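Before I ask anything, here is the structure I am working with.
Chain naming follows the written order as A, B, C and D, and within any one chain the residues start at number 1.
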């Protein structure tokens, strides 16, 4: 099934894209996708900050199971204001 | 010796003046003057709030000894802002 | 820059806020005290403030100096009105800036709370059926 | 009245403050976050904010709704910029009003502190020798 990955700030800089559609197995959890990204992008491990995860614009844990057409956003701690 | 009494807000309303020069014995304390005012103006006792005292624009206690030309201000708790 | 102003005229809020904040400041906090239409369970028509101006200035200076020093304020403007203040108008404005917000909030809160305790200014509320001097500190 | 705005353009502070405060409100508190010229012991030339706008709006709504309800705010305006913000410009403005100051200060502080924890916006500082994403919450 297809999902969309969105990245911001340091994550975007390291991965080199801000939005990308990928195909994943049904039943995948967020942590599975993160793991796959880490394998494909060794530079990703340079990020010292803990990553934040949102699925469909709501914060969630890495255990969350993804559904078709979900939007998975990965980003560092926020720093607005 | 002469001093000036200044009054504000409820104190002014009850005493009926906002500034007045009076003659007092040397060595008088603030509390002596207040006592005299109370005797001359029975309505003064209507004020339920504790009074604040300033001599020459600085807060002071009722034990303060007054000097010639002092400005004694008597007023209720402040309520600005 | 420190500024303490007592005035009869309405406060130019925009102007004061515009003049607050230097290039070292990450935070501006503005407090505006306003005349509201309800108090003591009554409709308020307008307010009047009486001031012991010379002493009020001295007391205000103590407050502002303490805040500027204690919370690293680069700008601190306090404007308080006296005389008649209509509903919806500002009776007081405190506009200040500091490198960090923690300090700016603390200073703002300290200044308004202390003004209400020590600066010789008194508020009178006017209702349709009379008026009353306010002597609590709410 | 609640308003949440994300914009690229400089914030019209005067306008926002002017529109805050109803006749029931005794207190207006305005917080302005500004781009300052020093950070991490370096001279900052300018900032850039990146935003995940759709999600930022949702998170901001949660914060504003909670504050409005919890501290009886009659007005609450939050404006956050994205893109380039020059030194001395406001990156964020929070302008709110409540019958009493206690509530207004608490709400203001809650809103800015929570924005810095949960709203997906990121700040990048530009120095003469490079740039860096800020990931602490100071």
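Here, a contact is a pair of C-beta atoms (placed from the backbone, for glycine too) under 8 Å apart; a residue touches a chain by one contact, two chains touch by 3 or more.
None of the values given here were measured: they were computed from a predicted structure.
Q: Count how many hops through touching chains it takes, at the least, to reach chain C starting from chain B.
A: Step count on the best path from chain B to chain C: 1.
Q: What are the chains that chain A and chain D both touch?
A: Touches both chain A and chain D: nothing.
Q: Suppose each chain is reduced to the average of its Cα coordinates; what separation in Å results between chain C and chain D?
A: 23
Q: Roughly how many whole angstrom separate the Cα centroids of chain B and chain D?
A: 49
Q: Averaging only over C-alpha atoms, locate the centres of chain A and chain B and give their separation in whole Å.
A: That gives a centre separation of 73 Å.
Q: Scan chain D for residues touching two or more other chains and write them down.
A: 33, 112 - these are the residues of chain D that touch more than one other chain.
Q: What's the complete list of touching chain pairs for this entry?
A: A-D, B-C, C-D
Q: Spell out the residues on chain D that touch chain A in their complex, using ranges where they run on.
A: Checking each residue of chain D against chain A gives 33, 49-52, 54-56, 58, 80, 91-92, 112, 115-124, 133-137.
Q: What residues on chain D touch chain C, complex-wise?
A: For this pair, the touching residues of chain D are 13-14, 17-18, 21-38, 87-88, 90, 97, 99-101, 104-105, 108-109, 112, 138.
Q: Sort out for me which residues of chain A touch chain D in the complex.
A: Touch residues, chain A against chain D: 6, 8-10, 12-13, 49, 52, 54, 57-59, 73, 75-81.
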